[in-house]
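A single structure is presented below for examination.
Letters A, B, C, D, E and F name the chains as they come in the text, with residue numbers starting at 1 for each one.
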Amino acid sequence: MAKPATTVTIIAERLLQAKIFKLLDETGASGYTVVEGSGKGHNLIRTHERPSIVRDFDIVRIEFVMSDGEHAREIAQQIADTYFKDYSGIITISPVEVLRPELF
Amino acid sequence: MAKPATTVTIIAERLLQAKIFKLLDETGASGYTVVEGSGKGHNLIRTHERPSIVRDFDIVRIEFVMSDGEHAREIAQQIADTYFKDYSGIITISPVEVLRPELF
Amino acid sequence: MAKPATTVTIIAERLLQAKIFKLLDETGASGYTVVEGSGKGHNLIRTHERPSIVRDFDIVRIEFVMSDGEHAREIAQQIADTYFKDYSGIITISPVEVLRPELF
Amino acid sequence: MDLLANFASSFVSQLQSPTLAFLIGGMVLAATGSKLAIPDAVYRFIIFVLLMSIGLHGGMEIREADPTELALPALFAALIGVIAVLLGAQTLGRLPGVSKDDAYATAGLFGAVSASTLAVAMVVLEEKEIPFEAWAPALYPFMDIPALILAIVLASLAKAKQSGEKAKRVAIGEIIKDSLRSSALSALLLGLAIGFIAEPREVHEGFYDLLFRGFLSVLMLVMGMEAWARLSELRRVAHWYAAYAVIAPITHGLIGFGLGYIAHVLVGFSPGGVIILAIIAASNSDISGPPTLRAGIPGANPSSFIGASTSVGTPIAIAVCVPLFVALAEVVFGL
Amino acid sequence: MDLLANFASSFVSQLQSPTLAFLIGGMVLAATGSKLAIPDAVYRFIIFVLLMSIGLHGGMEIREADPTELALPALFAALIGVIAVLLGAQTLGRLPGVSKDDAYATAGLFGAVSASTLAVAMVVLEEKEIPFEAWAPALYPFMDIPALILAIVLASLAKAKQSGEKAKRVAIGEIIKDSLRSSALSALLLGLAIGFIAEPREVHEGFYDLLFRGFLSVLMLVMGMEAWARLSELRRVAHWYAAYAVIAPITHGLIGFGLGYIAHVLVGFSPGGVIILAIIAASNSDISGPPTLRAGIPGANPSSFIGASTSVGTPIAIAVCVPLFVALAEVVFGL
Amino acid sequence: MDLLANFASSFVSQLQSPTLAFLIGGMVLAATGSKLAIPDAVYRFIIFVLLMSIGLHGGMEIREADPTELALPALFAALIGVIAVLLGAQTLGRLPGVSKDDAYATAGLFGAVSASTLAVAMVVLEEKEIPFEAWAPALYPFMDIPALILAIVLASLAKAKQSGEKAKRVAIGEIIKDSLRSSALSALLLGLAIGFIAEPREVHEGFYDLLFRGFLSVLMLVMGMEAWARLSELRRVAHWYAAYAVIAPITHGLIGFGLGYIAHVLVGFSPGGVIILAIIAASNSDISGPPTLRAGIPGANPSSFIGASTSVGTPIAIAVCVPLFVALAEVVFGL
């Protein structure tokens, strides 16, 4: 009963979180899951362990699953184009299978 | 030395966490990893940021890796059948490779 | 514009985190993302919920993405050989696609 | 007239009370999109300290109390919980756009008790120097648990009737345990036990009681923020929830006040105790209730029952019912 | 000579002050690789309590104050914010290896205000029993917001000029909102409002003020640890940042002191108020500034502007500027 | 007879002590599956405050102390750490079902010191008004570090012998650093240093000391919960661990008391100091020990050594050894 789908994983600064959520809602992602983390890339080292009032530079890992892989890719591309010129972040796309495909 | 295996990712309410762990233990998953998160789906918006005494509605992301893909799929299906009729949650299945395959 | 790449996911005790970061920096991973979690394997049960001063036994989930799959596998193997003889941990390798491939 | 004037003045003074100022402050913060947030860990510790403080104090005082006095008020507390749920099921449950499951869950939540509102009541009584029985806070579980059980049992019966199957036996023992194990009741009962057995006056006064008011002010801030934030969820469900969430606390409180008055006449339950009974009746559960109801009535939509209670029920209980029942008591008992 | 002797003795006494001892202690911990860490949740609660305490106190005192007195110092505060940014853009911005964007962001940060440094200043004034206007902490946003806005506007103009396009309109309203919504300013303003309206003396004295010094000591520890930890980031960028971060606080503080003195002469601004104005001028933003600037000047590298301010600017403001301006006031006003 | 009667009465009074009531309360909560949890961030802040408080107080008092007095007790502390590890290796290490690595790690943990138990001892001494040397808490690292080093060295030698290879040089410097950098020792030493240098009496009394008892009560709750939760892990390993975890604290404590008595006779070490020495000897490490041992003896199974210490060793140290050594001192020194 498992059917193929696509998971898009967006790793970004929390600064962008609300905007990415909005974009996902508008473009029709049926849901998403977020976990908080830390990381290192080309810019700032972001450690979750250091106390910080300013949480906007923390890393969030947002993933959304869609049945329609083409649509998922388009959304991913749109996020990359809109935000990741100016701000930190990476996007990966992976093939998965989902149970209960009617949800996605 | 990498060998193929299957990762099952379960995103569910924390309410179910203990029950899912029990089921995983009983069905013979050799281990699992959990991270806490938040998310949006068809029901409640769950934000990790808002203070809450009641953590039962938070989102947990549970993943387990198994060498035996068939077995992993069966476990995944069983979790979906047992819990995800009544409660929120999604399950994805992905192909991976593992190092130290004797562990899984 | 998506190009194939490889994601390596390392699940380990926090004890090893700093050493793994160092190894990743030295071997040329362009970045990595970490989330904190808990888990169960063959050894200790690690629960994120119990208060603990000693965070060294917590589980961290480190993932890094590289365009060069061969290189990624070598790094993964090196981490497994260096640390996972003595300490807890698992490594999975998955095929993904990335946007903005110049970053990896 | 006196009652009205009294209520008006009590209400106005309550409006200037720091407690309410923090509650409203929290709403304003949320409404203006402030990033200020009380960390989750701090919030949970605050709840713990407040309930331990109430528990420890009660436990130490109970040493000198006559336990049989508790009987009638406790019975009344249970009765109020039951009536509240039945009322809710019969009113909210019959309205258009409200599913049976959602109605039972919401009624259960409003029948159950809020630890935070209880804490507010105790501060107000202390400020007004109105004495009450030391064991009065211990009435909490006597109202909370029957309400939750009844809501889940009714929902389960309704489902069975609908599907034509025999009702699944509701695990009542599990509901009681779930409720007692919730962080709120655990802390209160632990405090009662330690207070009773070890009489830790020094640590109570020098720490738990010392931090009580300050922590309560922070809690009010959080509750105000939450109330506003949940409004958006409430807006997504039928308007009846909002109406119910305004009327139910006042109704339940009046029932509580009435039964409390009877206990006053019959067994000398103090006026302060009557106020506490009325206010916990007016309150709705924010800690033990939601997860217990979610587990027991999986078909209910948390958005509706949590939204109604957090966004409307709790502010009404704190901002309207607390001054209302204090004023009522002042008139009725001539305080 | 007197100034120097006075400054020397004030500086030495400040060095033995617990505040500074905790700051240095934090640096030593970080330098030796200690695993001791103040949990994030506790740190954020501490900031909340400190700013609520300052706000509540101010709000209660303002009840008796003449609001028109605030006008000139507030104007001067805004002026200092503006001058600081212009100075930074003209000095740091012309140095080799410093990008325009980075220069504007850094100048904005040093023109803006640090809540923590403000808290230190208030403890020192209290210890020295130097009185100041209750509304002095309310000068904070008057300096903070213009500095942030100007930095972002200048960066945006520079970018437009460079690219030959017309400048994107800077959403000034957004910047003001962003700044007011930051956890620091929200807490301060909330405290002012609640203090003014509800006058919660009891909860202020029994909780917020009670915890003030202790929490400040913990905050200093965190700031010391952070200062050291960020040094590594600072090292990755041009050395000019470090030089700027030493000179700017002292310069801005002196400008603040000067304008404060004028306000003293013109409208009787108190010596304590002058010190506060000088110290918030010397301080640099650690809470509202970084994310606002990050959002407004996305091309700027956070490593440079945060590194310079956290690692060098803040320790200089606390360890050098606080005793400096207290000593200066003692000489100038003959305290 | 006197000792027994005294011990019995001291034990009974200790059983009613709030400290123990919270410890047992925590166990009961965990046993009944309560969801009450003290947030991790709060727990870590509590440890910080307790150790800072002990440190600050010690540091301020040491100003007037004669540092040479510390020499003999410090030497004895180190000796106790060493003896404890050797004893453990020779007893636990020879039992069936216990691996060499596990035995060394467990012996190391029981030879090392618990900051929480030390805090309990200090509260009890204060309550009983038994004076002790201000520097007595500073004996902690002198016992802790040698125990951890010896355990790791022995394990490494044993492994080398087994594998026939030359022993890997143990990085003793690393172990010492690891230990000193642990959050517990860092906080204690930082407190000592700040107390000694800056003498922050006001912030100590008004904050750290103020919160001491309350925070200790919360800590006891956490330790009780942890003790119960870890029992399941202990059950998975050989029963000998449980037996060892009962006997070792008492044995080590007696050795500590004996050596303390010698120091009393030779250099006038105070009875209170002797009690502290005995109790830290009886305690087992819960903060610095586990990760240091895990890193140093990777072959050891954390379930066994952490289980034995958290579930059995710590409750024995607090509930049995504290009253035992106080009673013993009362008899021996005629307090």
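The criterion applied here is as follows: a contact is a pair of C-beta atoms (placed from the backbone, for glycine too) under 8 Å apart; a residue touches a chain by one contact, two chains touch by 3 or more.
Source: prediction; values computed, not measured.
Looking at chain C and chain E, the chains in contact with each of them are A, F.
Of the two chain pairs shown, D-E and B-D, the one joined by more C-beta contacts is D-E. The best fit of Cα atoms from chain E onto chain F calls for a rotation angle of 120°, in steps of 5. At the interface between chain A and chain B, under half of the residue numbers appear on both sides, which makes the contact a different-residue one.
Look at where the CA atoms of chain C average out and do the same for chain D: the two points lie 46 Å apart.
Centroid to centroid, with C-alpha atoms defining each point, chain C and chain F lie 35 Å apart. Chain F has its Cα centroid 43 Å from the Cα centroid of chain D. For chain C, the set of residues that touch two or more other chains comprises 35-36, 94-95. Across the assembly, chain E contributes residues 37-42, 44, 183, 210-211 that each touch 2 or more other chains. Chain pairs recorded as touching, per the definition above, are A-B, A-C, A-E, B-C, B-D, C-F, D-E, D-F, E-F.
Listed in rising order, the residues of chain F touching chain D in the complex are 16-18, 20-22, 25, 28-29, 32-42, 210-211, 213-215, 217-218. On the side of chain A, the complex with chain E involves touching residues 15, 43-45, 49-54, 56-57, 86-87.
Residue ranges on chain C touching chain B, taken from their complex, read 9, 11, 35-42, 48, 59, 61, 73, 76-77, 80, 84, 90-95. Contacts from chain C toward chain A in the complex involve residues 1-2, 5, 7, 21, 25, 30-36, 65, 94-100, 103-104.
Across the complex, chain E meets chain D through its residues 39-42, 44-45, 48, 177, 180-183, 186-187, 190, 193-194, 197-200, 202-203, 206-208, 210-211.
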